[in-house]
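Written out below as structure tokens is the structure these notes cover.
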Amino acid sequence: MEWASWSDFWNMGGYGLYIWGSYGVTVAGVLIEVILLKRASAETRRSLKRMQQWEEQ
Amino acid sequence: MNLYTYASPANFYRLAGKLIPWFAWGAGILTVWGLYISFFMAPTDFQQGEAYRIIFIHVPAAWMSMFIYMVMAFWGAIGLAFNTRLSFMMARALAPTGAMFTFVALWTGALWGKPMWGAWWVWDARLTSELILLFLYIGIIALWAAIDDIRRGDRAGSLLTLIGAINVPIIYFSVKWWNTLHQGSTINLMKAPSMAKIMLLGMLVLAIAAWFYTIAVALVRVRRVILERERQTEWVKAILEKEN
Amino acid sequence: MSDFLLSVHDLACARGDRLLFKGMNFSLKTGELLLVQGGNGQGKTSLLRLLTGLARPEAGEVRWCGALIGRQRETFHAAMVYLGHANGVKDDLNPVENLRFAEGLQGRTFDAPRAVATLERLGLSRCLDLPCRVLSFGQRRRVALASLLLAGAVLWILDEPLTGLDVHAVTLMEGLIRDHLTAGGMVVATTHQALNLEGVNVQRLLVGNVAIPELAVN
Amino acid sequence: MHRFVLAVLRRDLTLATRRRGDWLIAQFFFVMVASLFPLGVGPEPAMLARIGPGVLWVAATLASLLSLSRLFADDHRDGSLEHMVLSPEPTVLLVLGKSLAHWLIYGIPLLLVAPVLGIQFNLSWEAIWVLELSLLLGTPILSLLGGVGAALTLGLRGGGVLLTLLILPLYVPALIFGAGAVDGVMAGTGAEAHLSLLGAFFVLSLMIAPWIASAALRVSLE
């Protein structure tokens, strides 16, 4: 184990800002992509269903 | 059932639906394992201190940005040669994820560069060609967005991907060469001797996780595109009705 | 001229995700006119573009003398000439120059006296050295028709050739089509206007998403 | 085959002589962009000589881009592009002829103006000579690669801006080798290596770009 304590872990030997900045942005990138994709998929299904109902009428 | 059957959108839609959870869970588990390696198993680097831990995402992201581009070029070429709709859909589905990884590679590269070289940005071959790769991704996505006609968009985007694929290596080597002329010594991100085995393992695990993630996301996107493009067909109507 | 054959097999055409037509079959022989009819947006122009090879069909094939047009691009394009909505006439050039460059781009040598004679025949004798910019729409259309005549192609594919032409020119056009067919040529044309085509072998083709009736021969 | 390329060339050159305004605008753009830099960074001769090659190359790139969006667009609008594509001659030669015409109309004049700008930027005569050589080899690359972009964006809304976005990344090697050659001769390391790499990139573009552009043209006309 490399870390004596949690604060030690977050501090990362003084490089905490750089390391967590990197990991944070990566996580944010992935999350944003997943959320946007989920929304787009739901929107596609909604609009297709709307269109289908409209055609059935 | 042979491979060709899966090339039909209806079958591929079902197959993709079954595969997505596997890849998504795989990506999650591998990420946890990879992060454990990178933060708790890999020792502190005696030269770079803890800052080197950024490479556990920087390097896989840089790999992904290039690999995804090559895979896009591959699908584009297949689509242009054999006129298969599905391959164009794959190419399109990969682009946003590729651009995202390229951005992550640039961002993490800058955050690593600051403590290591004292500068957020250096015009070294890898960062510069990564930047130009991002421009190419943006160009391709913009071209797709600008063309309303699906068939034209598919083909035009793939042609652009192909000419970019020929150009990326040339750009890389020209920047590298330009760089050696302008700065006495090149800065090498990965000094081979100090690379411990455990570091390599961490990068590999995270790279595979990134692959699984990319595949899962691309499949979701392809499924969405299939639904849109095949909305006139009976099987799509049946699927939508079942969900109602 | 020897015998030629343009045939279409099980042709389907889509624009965006809308299927314009499918399962279209017809064949056109030497000396025949195919009149393509149908409402706006039903795919008349799309069909003509498929026949020229500019567009690729969603399904089915277009054959020239039995072979796919894509396989014999050079032969087919040498035998075919297309006149679309746009005239393909450069505004900055005069009619004679337009014809000269059009001929050169088709890989043919330019026969100046013949070009001038053709333009005069189409009633453009007073505009020969004016830039096309100053010509009227109908006059520019005539320049395009002159280039059609000069091409000496077997197959004419004409998209609304009568648009913008006056009564006199329409009669002229009817005569040109009749002469071309008598000489063993073939014509595919769309038009909204009535054409006097006595003594011409006409096939009528209705394009539309609704059940396509088999070819009603006039 | 040669006859066809010549026919395309003669046509485009004739059309260009009828519309001299467009041609002049591109040249003035080149001069103006290059002249803005000394105003922005200051008149110090040593610094101007240092940034000169890069600035002139970037300005030449932008000037060539400016006219590219119209490479096929004018002919597309009046329908003559379709006629040309339907010619029995190969589309690839059409693209080659049009790229060549674009280079002669917009590229060669840059070569004539560049020495004057080189003097403004305090470049030595030797550097100006190499700049000319590099532009001679490099500007056809801009026309060839630009043809791909012009074909891809044909008829699109905002196609001109999109074209810039698509093509500028592909220009990077030409920019590096071209400006590098002038840098090299000023730094005393010689320009041969840069110029031969630029030449190689030119040959590669000549072999590949017309094919991709003609495929793109057919896709765009579909």
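Every chain is named by a letter (A, B, C and D) in the order it is written, and numbering of its residues begins at 1.
In this section, a contact is a pair of C-beta atoms (placed from the backbone, for glycine too) under 8 Å apart; a residue touches a chain by one contact, two chains touch by 3 or more.
Computed from a predicted structure; not experimentally measured.
**Student:** Chain with the smallest distance from its CA centroid to the overall CA centroid?
**Tutor:** D
**Student:** Applying the document's contact definition, name the chain pair with more C-beta pairs in contact, B-C or C-D.
**Tutor:** C-D
**Student:** Hey, how far is the Cα centre of subunit B from the one of subunit C, in Å?
**Tutor:** Each chain's C-alpha centroid was found; their separation is 48 Å.
**Student:** Between subunit C and subunit D, what distance separates the C-alpha centroids? Give it in angstrom.
**Tutor:** 37
**Student:** At what distance in angstrom does the C-alpha mean of subunit B lie from that of subunit A?
**Tutor:** 16
**Student:** Which whole number of Å gives the spacing of the CA centres of subunit A and subunit C?
**Tutor:** Measuring from centre to centre gives 56 Å for this pair.
**Student:** Considering subunit D alone, which of its residues make contact with at least two other chains?
**Tutor:** As it turns out, subunit D has residues touching two or more other chains at 222.
**Student:** Note the residues in subunit C that touch 2 or more other chains, in rising order.
**Tutor:** none
**Student:** Who touches whom among the chains?
**Tutor:** Applying the touch criterion to every chain pair yields A-B, B-C, B-D, C-D.
**Student:** Would you mind writing out the residues of subunit D in touch with subunit C in their complex?
**Tutor:** Residue positions touching the partner: 3-4, 7-8, 10-11, 14-15, 18-19, 77-80, 82-89, 94, 218, 221-222.
**Student:** Which residues of subunit B touch subunit C in their complex?
**Tutor:** For subunit B paired with subunit C, touching residues are 148-150, 228-229, 231-232.
**Student:** Would you pull the subunit B residues touching subunit A in the complex into a rising list?
**Tutor:** Result: residues 39-40, 43-44, 49-51, 53-54, 57-58, 61, 96-97, 100, 103-104, 107-108, 111-112, 114-115, 213, 217, 220-221, 223-224, 227-228, 231, 236-237, 240-241, 243-244 of subunit B touch subunit A.
**Student:** With touch defined as at the start, can you tell me which subunit C residues reach subunit D in the complex?
**Tutor:** Residue list for subunit C touching subunit D: 49, 52-56, 73-75, 77-78, 80-82, 84-93, 97, 101-102, 104-107, 131.
**Student:** Hey, which residues of subunit A end up touching subunit B in the complex?
**Tutor:** By the definition above, subunit A touches subunit B via 1-3, 9, 12-15, 18-19, 21-23, 25-26, 29-30, 33-34, 37, 40-41, 44-45, 48-49, 51-52.
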